[in-house]
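Letters A, B, C and D name the chains as they come in the text, with residue numbers starting at 1 for each one.
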Amino acid sequence: MVKNKNISVVLGVIGADVHAVGNRILHHALGEAGFEVINIGVMASQEEFINAAIETNANVIVVSSLYGHGEIDCRGLKEKTVEAGLDNVKLYVGGNLVVGKQDWKETEKKFINMGFDRAYPPGTMPQDVIDDINKDFMIAQE
Amino acid sequence: METDLAKEKIDWEQFNQQRQEVLQAWPTGQEVDLDEAVEYHKKLAPYRRFPELLKSAEEEGRTLAQPRAGVALVQEQIELLQYLEKEGEADCLPTTIDSYTRQNRYSEAQKGIDESRMEGRSMLNGFPALNHGVSACREVIESLEVPVQVRHGTPDARLLAEVTVAGGFTSFEGGGISYNIPYAKNVPLERSLAHWQYIDRLIGYYQEQGITINREPFGPLTGTLVPPCISHSIGIIESLLAAQQGVKSLTLGYGQCGNLYQDVAAIITLKELAREYLDEYGYKDVELSTVFHQWMGGFPQDENKAFGVIGWGAATAALAKATKVIVKTPHEAMGVPTKEANAAGIKATRQTLNMLKDQSLPESAELQQEKEIIIKEVRMILDRVIEFGEGNLALGSARAFQAGILDVPFAPSRMNYGKLLPARDNNGAVRMLDFGNLPFNKEVIDFHKEKIADRGRKEGREPSFQMVIDDIYAIGKGMLVGRPR
Amino acid sequence: METDLAKEKIDWEQFNQQRQEVLQAWPTGQEVDLDEAVEYHKKLAPYRRFPELLKSAEEEGRTLAQPRAGVALVQEQIELLQYLEKEGEADCLPTTIDSYTRQNRYSEAQKGIDESRMEGRSMLNGFPALNHGVSACREVIESLEVPVQVRHGTPDARLLAEVTVAGGFTSFEGGGISYNIPYAKNVPLERSLAHWQYIDRLIGYYQEQGITINREPFGPLTGTLVPPCISHSIGIIESLLAAQQGVKSLTLGYGQCGNLYQDVAAIITLKELAREYLDEYGYKDVELSTVFHQWMGGFPQDENKAFGVIGWGAATAALAKATKVIVKTPHEAMGVPTKEANAAGIKATRQTLNMLKDQSLPESAELQQEKEIIIKEVRMILDRVIEFGEGNLALGSARAFQAGILDVPFAPSRMNYGKLLPARDNNGAVRMLDFGNLPFNKEVIDFHKEKIADRGRKEGREPSFQMVIDDIYAIGKGMLVGRPR
Amino acid sequence: MVKNKNISVVLGVIGADVHAVGNRILHHALGEAGFEVINIGVMASQEEFINAAIETNANVIVVSSLYGHGEIDCRGLKEKTVEAGLDNVKLYVGGNLVVGKQDWKETEKKFINMGFDRAYPPGTMPQDVIDDINKDFMIAQE
């Protein structure tokens, strides 16, 4: 566990989204997994994500969007991270990203095209994102 | 800031000053003409009026089914609601407002409208009624044969209320606490309470002109393991505040927890306690009704399992004899439902309500116990809130939140104390694992502790945050109590 | 004919004479080798055995979900059941037998098999297990990880039992009354009772070899407004007859009527009364469990409304703590369900069962009253049936039907008295409008009369056959009580 | 009502089908409507329908099939009525005619092709068949 300590993750819920429950659980789970978690909470703007990542020298930004406006809210985030020199920071996004029950493959493509490294369908369990961070940073599993 | 909180009905002159400013916030504010709106309502057919429908349902002891629904564009919203009325057999309808409007981000809502027009699908999670304006709202109302309510989650809904009530909506959901604590992060309670006093005063004005508009505090709050005493206390506070401003038709809400006895006790005590407090404060002429929300937390992704949750919610609502039930859909876990999925939820609910129309849950020791504990808890909380207010209930509420006398689990708001931790007992009733600063006596505290300890013993584990997490996931994973895996 | 009815365990020699004839009726009869079959069962994994599953569920107080399912061909049947096990999350499985087999029309069943092969879709309404034979049955059993039961509706199921039990099925539904009166027109009760004594004796033989096979009298009968006392009396008679032949695992059934209190009382009293009578007759070592059938009468055509009926059935089963619930599907009103529709019904049911696993309906005056009336009625009926039998219960049952001491509403059989007319009371409980010749005392008769009269007053009409018709249609039209239109 | 008295209807449930409830209600409804009803009940063979029709000089044969084997059970019924000289007797069929929830148009075509004059989907109310008999025999409605 302790070896995850040197990976820091910025966590937040983007836009005008107030869904706080999943954020709280993700925070708890990522913390338990040993990552350093910087949780900017709900209703976070793109700027708040970027600033938090700069300040904490983050490795990953985990964006949640539950309320359906994810598509509008996430546009331009990748460009802003690049502008801010955070090219190496991984960008993950998950939740209920679009309005309505839509074909996940389509939605995933949309977010990958927006510049996200990984996108997750509704109801993804925290363990999946933990595993992926470990994979992306090649941390051997016990 | 605190001084803005009225302790009695706001003076009309004073109200009007504020009003001019409110109507400036977006061009559609200029469309609102109060006198004309009153005339409009006077001509509105009675079957399009919420207060009348609620009153008759309450008298007949039947339970109305109401969906949630909102899309970006007017014509689409009309089609959606007509479908839910005809095909879905809804007894009354909603117009759910989009999240940008809720945060007063009207230009983003406008962007959403424009993009929706271009993409040919709704890019907003609700209907931006304020952007569409008064006559668009009336178009919606007149296209339907049943009453329509504004449902949202807006800390500052003053302009939204002005536009939609002038636009012919006859019920308006929300309140200074219930539409702040679960729906905002940084809005001071003093501010949202004052803004909702404005809304209630506006509706009090309509009432003075003989037009009753129904008001509904938002019962479920964060929708996630909220103990009845919390939502009851907040609902009663908001009812008193609304009555203070002249509101005469009130519907109190509660979000299903899942244990039959607790849920039925909750609906019964909600009405009893509200009546008691309103009478005590001299608001004997306020009409009361109740609304039961089918489980408001995380849903199972499987649509058939979702039907299981919906059916149980409908059955509980019917057995509790709630006046109204707010219906979930088989798409709940995935996204805003299609109109078909929405109608599906209503129809499954209607069948259940009809089958249980002539049944109720009679008295039993278990029901009695649940009722008693809720009544005790609510009294302890409300007494302290009232005390804190020193004659100003709104003020008392703001202070109570600061002190943790009132606390909503999992709320995003910084104004919330945030120490209260709920967990289910061994029968699935929602109890408290951590009371934060709730003003309970030893008897109540011991009751909860013993209930949760009992579950812990049966599960062979110490009660902890893991239990809470397990409970949060439980219904989504097809259970009620989150047992250790 | 009457002399054929055993009044104690049938002598093995005598049984064997009859047996040779039975096995001749169709070529697959020759595949049955009892000794080999016993060995086969001895090696069958415990998780594939019904009696074990029922016992553990009964001990843990959980409710198992079981679908109905049968198609014409072996491979398709395997795929169907595997789907219901994996995708549908069924706890135990059925194999529903087609209607030709039920009427011993094996060549027509064969035609159905052949046509199904040609058409590429099932032309039969069930699985013709007898035509397929012993090893085909074992293929089905071994392809699944949960127990499988034979469900049918066959007055003379002797060969079917021989083939399917040798084929590895560990539970067999039916009985000499419950699989005659609702399922046949011209079969004398003396004959069907004797044929079912054969089946019970066969299972008694397996029991002697240490192999327990579960037996389940068919509780719902005609599925349409059957008062609990009728199905209880028949279930208990069939249980006693089965126990007489050496059966040691029995599941008693009841079809949901729709009123929560009546239905819960029915499940509780069913087990209590069966235990009492079995003990009295010296069958203390018989294991008992209960099965609750979701509403067995006409369903709504709308699939979403069907989910409402399914959900209420699941909830009642859970609150009553039935051991098993037989699940309906959203296709019920239309036709034999697709596997997807079948799984949908199970999943909605499972979600509800799980959410209610730790809840039950506690004692109340209403529940008490329902229990008492059922107990009184059943005792009056059974006492008379026993009296009629002069020491031979099977004989007593046949005579009781003739005299109308036992009477099943809407039954097609000429052996049924056919005077009993049920109707719902104002709360939806099933009462009796016409008692036919049921041996009730004044107290019971007045109770029913007053209940129905009360409804009549509320509806402003005299109780009549029109009320019964309205009740038959009611659930299909989205109601429980058939109110005047 | 009384004017329907001279129309006689043979009613029954064909094949090995024991569904008795709908039959009982149809009997009641057709009787109330003034028709003469000859109800041969459940589990009726093709021969029983024909014999009853001959004996009672019937105008209409109303065949029910609920249990799914309607297709197999009804084959040849039309031919047998013709053989028996009952060319003018109307043949109606209704219930849950085939196995499973199938496209009604297809099923209807199948039964019309088999020689039925009218076929009805699941859940048809008795009033519909009453209206159709009246139509087919041109009885003015009050």
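The working rule: a residue touches a chain if its C-beta (ideal position, glycine included) is under 8 Å from a C-beta of that chain, and two chains touch if they have at least 3 such contacts.
What you see is a predicted model, and the numbers here were worked out from it, not measured in a lab.
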item	value
Each chain counted as touching chain A and chain B at once	none
Centre distance in Å when chain A and chain C are each reduced to the mean of their C-alpha atoms	54
Averaged-CA centre spacing for the pair chain D and chain A, given as whole angstrom	66
Averaged-CA centre spacing for the pair chain C and chain B, given as whole angstrom	45
Chain centre separation (chain C, chain D; CA means) in Å	31
Contact pairs between chains, per stated definition	A-B, B-C, C-D
Contact footprint of chain C on chain D as seen in their complex	15-21, 24-25, 28, 41-43, 67-69, 71-72, 96, 98-102, 122-123
Of chain B, residues touching chain C in the complex	258-261, 300, 302-312, 314-315, 319, 343-345, 347-352, 354-359, 362-366, 426-428, 475, 478-481
Touch list for chain C against partner chain D, complex	99-100, 102-103, 105, 108, 111-112, 115, 121-125, 153, 182-186, 222, 224, 297-298, 301, 331, 333-338, 341, 410-412, 465, 469, 472, 476
